[in-house]
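Two complexes, one shared chain (subunit A), two partners (subunit B, subunit C).
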Partner chain A sequence: MRIRVPTLMISVVSTVRRVWKRRMRFRIGLIIVSAITLLAVLSPFIVPYPSEGWGLIPLNETNVSGQPPSLAHLFGTDDKGRDLFSRVLLGSSTALLQIVLVVGVSLVIGLTLGVLAAYYKGLVEYSLNYLIEVFLALPAILIAIPLKMAFGPGLHVIIASMVLTWWAWYGRVASVYARSVCEMDYVTIPKLSGLPGYKIVVRHVLRNVSPPVIVQAVTDFGSVLLEASAINFLGFGLPPDYPDWGVIAQNGLYYITKMPWISLIPGFFIMVTALGFSMIGDALRDELDPKLRRRWRLWF
Partner chain B sequence: MVASLNYLFKRVFYSVFIVIGIIVVTYLLIILSPGDPAARWAGNPRGPGAEKAIEFARVELNLDKPLYLQVILFIYNVLTGNLGVSISTKTPVLTAIWTHMSSTLELLIFAYIIGIPIGVLLGVFSSLRRGSFKGDVLESIGFIVANTPSFWTGMALFLVFSEVLGVSSYGRIDTRLATIMGFKPITGFYLIDTLIQGNIILFFDVLKRLIPPAIVVSLYPIGTGIRVVRVLMSEALSEDYVKQAIALGVSRRTVIWDYAFKGIIPGLTQVMGLSFVYSLVDAMVVEYVFGREGLGSLLVGAVVSNDFKLAVATLIIISSFYIIANTITDIVQAWIDPRVKL
Partner chain C sequence: MVLAVESKGLSIGYLDEEDRVLWVVKNVDMQVREGEIYCLVGESGCGKTTLGSSIAGVLPPYSVTRGELIIYGRRVIKDDLRSYEGVRGKLTSYIPQNPGSSLSPYMRIWDQFWRVLREQGLNEKTAKERATAILKTLSLGQGVLEHYPHELSGGMLQRVAIGLSLATGAKVLVADEPTSSVDAHLKLQLMRLFKDVRDNYGVTIVLITHDILLAGKACDRVAVMYAGEIVEEGDSISVLTRPLHPYTKLLVDVVPLLGFKKTLASIPGEPPKPGLLREGCYFYERCPFRDEVCLNHVETQVIDGRRVKCWKPLVDKTTS
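For the complex of A and B:
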């Protein structure tokens, strides 16, 4: 016996196709995100100065430092003479890597614990909800600092600090959805007929809770990027020569009046990417959430 | 009355529990990371006094005792305000955080005083014009603002102010002018301090340096204001009591502000309370961009000088600030909203 909520019956492809047809915002967002993804995938092959992109300082540093954008250096060079175009290009893959890792890992943890918190009553429910509350209050930017001091700078710091806070958010969203799913007949009837708890959780609760939570996760891609780059900008996550948009923007902070392109170009990329992801997420949520779908005009 | 007190106590009790949870998590963060926790707590000292400093840190963290006792003693120390002396500033950690936090709070509060009215007005305006060109433009502005990194807006605005308008917005106050005029910080909120001392020139100097970062920080409440008010207001306008008011021929302005808007105030309070807390991080970033003394600069300094104690203390205090702010928001919301049973 398989009864599922309508959102699950619609396959991903047909949903995307439908939203594509109906929402301008989704189209723009998808185009932006595909372009950035393409850049990230192709970046190792098309980057003009790979070693400078990864943070090495060129030999004739004084000759090329702080050049404005030109044909040889599309985005100019930074304060240490590195080609900014290479660094920004490599930064796109760093950005996508951070987003995917943070959202992926926290989604798995959050979904599991959130569903468990809703399905099992009593001590499990209380302790899991308590954990979620505690971790929701910890700001990622402040966890990153002690982590960086203990483990040294790197990708692991930024991923760990952000996962530690974001899982709680998905845990809460999942447990809110799961609480209503657990009242459904397709959960109570197997429970009465003696199906073991873990099977009900995996087969019935998790399957019906995941689609809305995943949509929520897609909406958050942009915010994850913004938060990660804020942490990197303050220098709490990645080391100072890493090709990351936040780090590059920080490198240019002291030269903002003389060489504004160093900071403004990577910042612009962050904005465009975050906008693209948010547009996709927003359109998906509008389309899949029937409560907000209502379209009407004021009559007076 | 008894019921509302009951709710209040429950809420406060629960939040105290969560603060304790936060302290435990941070202690585990100290203990479980690799290396010698005592050495890190003492700031990885080198040289002749190193042994002594590490031994002192070991006593401070009670590392010779069993784990559960360590945790309990750490909680006790934090709750009695004993977090030690910062390595970089050589002052008690709590004092350092408090003096820097007043600057951040000044920026935040000023930004919200600008931001909330603008956000709410624009949100109401755009909800009344849903589907029209103006409404769509406003919604897009809210959308773009919500997805722009604050350091980028900050740097762009800094450039505009310094290069185009020729106004220096770096720092909190003109330090030379302040020394000449004998300015002394009293409350830590420089706007109030200068007014208390009757120093109008310095007041405008502080204001001049406060406005650009405040504009950047206020973009977040404006963006959320537009989006949230738009959604809430659209829902409120389709409620039955609003329809009835329209049918009775109540004027447009009264319908919008006295009927529909009044209904969304509780929801708006909660969202704004949450966003105020989230803006704290924004404010830290913006402070760093504009070179203002504040939590942002304090933490960047802590990272440079490897000040583990300060980092941990800030984590605990700001997370508790989150919890306290949330609790206050919830209580205020319950107090405003007659539908929420106390």
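For the complex of A and C:
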């Protein structure tokens, strides 16, 4: 008996399998991202100094602060004597949480509003497109500053400020795809037959618009991480003791000459993870949009 | 004789941006008998698709209607009032021009059949049997059900679209130019298929086409449309071999025939723009047989069981 799998899953799984076979970039990217994901999932169980990881300063602060990497502290300790390995390890789950929440929530809002703009046309389309334009023009950091002042620092600031700008990208992509889908007979004929709009939108428009927008979202994971880390590094997102790569890099900024590892190690993790996501996204985009394919190929 | 579709003085128009009505179908009296293949032919923009859409029940909300349209005794259009409840998708069904854009690309063929069949209260097992049986009559195997539309060829997709229409259990199928995007070989196959479908299921088929050869080959009766009017109607062979209306004659003359030496004619001028309502014959400007009288006078005559909208039909020139 044939196992029934949702259509979207089939297309995603078959695409991943195809790209895995063809593109070295995709394989490298997927290995890096899988490793980071594994670290993030296991981090609460394998973290050697959980309390220090979460920002508590050890009692013997002066004795252990600023130690370079050693067997006791794999990545050394920071200026306050906290084990950097624990903080970086916990930072991986913060990074992935930020990516998943920002992209997930933006995707839901963007898809919904983009599809509604294309389907309902007229005033709805005009207002939603205008809204998209406005939010596209706003940088996330400009939203993060007042949010932090109003509600205090935390994950909610970084998520809200980034979602408010990222949804507009997906809204625009969704509305472009949805506009062409809405011209298809499988949408126009039920519409003319009097089927309620919400049923057509859910059954036909969303179903056909989601796959390309989701692929677009996957290619954006790296950029989301970079932007979130930048906001956190500047101190407009998470509080100063939070285990986040951007925050940790910022902590070490004043000691960059004496204790360079404090900033360099989380910076390296940000770079490698963003690179992994970019490689996946790049390979997917090349594979799925033949027009973007290069005539020449890199070795990978 | 049971009438599947009957229209009395049916006019259909669309509202433009200034709320004026552009009449696309004008004062059409049409009678489609049960179990026949009835063909609407004419140039692009003559109102064939709009008339077909009114039968299938897919007129856009900004359209305006006058007159009456009756489907199996149920009045679906009475002037401004339109009610397709219990008719659309149950008595009538629509086979769109391009099956590639009418089948949802992310749904398997079975899912599309299931959506239609579950409306009829069938359970999954019975529905699958029914879908398989329909596909079998269309020379498609059961395996097709597991495929996505992009995995099928154009001809197979067209047959699936016909199958979905049949699955609704509709008695009247409106096929909107089903052969316009397929090659000559497939055209003939599809026409045979329509005949088989009519014979096996006893459905009435309203076929919209601009291919006059196809109309002659596949249809029982044909209605020639010009500028929103039916200018000639009758059994397909006599209409297309001995046309009574000057427009029908010119339409037949422009068809190239392979192997025959024939001077190809063209119809001079352009059809009038939609919306124009006036006295007299709409074909006046382009008619080589026109008379001063035609400008203000047009009448419908019945000759040999054929209806022609011309006060001076080509009886002598064609039947002698």
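Just so it is clear, the second predicted complex is superposed on the first by the 281 of 300 C-alpha atoms of A that agree within 3 Å, B and C clash if a C-alpha of one lies under 4 Å from a C-alpha of the other, contacts with A are read in each partner's own complex, and residues count from 1 in each chain.
Heads up, the rule we're going with is that a contact is a pair of C-beta atoms (placed from the backbone, for glycine too) under 8 Å apart; a residue touches a chain by one contact, two chains touch by 3 or more.
As the structure is a prediction and not an experimental result, all values here were calculated from the model.
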Partners on subunit A (subunit B, subunit C) - clash or fit: fit
Contacts of A:94 with subunit B and subunit C, given as first, second, both or neither: neither
First, second, both or neither for A:271, with subunit B first and subunit C second: first
Contacts of A:211 with subunit B and subunit C, given as first, second, both or neither: second
Residues of subunit A touched, compared between subunit B and subunit C (which is higher): B
Subunit B versus subunit C as contact partner of A:189, first or second or both or neither: second
First, second, both or neither for A:226, with subunit B first and subunit C second: first
Superposed model, angle subtended at subunit A by subunit C and subunit B (C-alpha, nearest 10 degrees): 100
Lowest C-alpha to C-alpha distance for subunit C against subunit B (Å): 22
Interfacial residue positions of subunit A with respect to subunit B in the complex: 130-131, 133-135, 137-139, 141-143, 145-151, 222, 226-227, 229-230, 233-236, 246, 249, 253, 256-257, 260, 263-264, 267-268, 270-271, 274-275, 278-279, 282, 292, 294-298, 300
Of all residues in subunit B, those that touch subunit A in their complex: 17-18, 21-22, 25-26, 29-30, 33-35, 40, 128, 130-131, 143-144, 146-152, 155-156, 158-159, 162-163, 231, 237-238, 246, 252, 255, 280-282, 284-285, 288-289, 296, 299-300, 302-303, 306, 308, 311-312, 314-315, 318-320, 322-323, 326
Subunit C residues within the subunit A interface of the complex: 53, 57-61, 84, 88-89, 94, 96-98, 101-108, 146
Residues of subunit A that touch subunit C when the two form their complex: 2, 7-8, 11, 184-186, 189, 192-194, 203-204, 207-208, 211
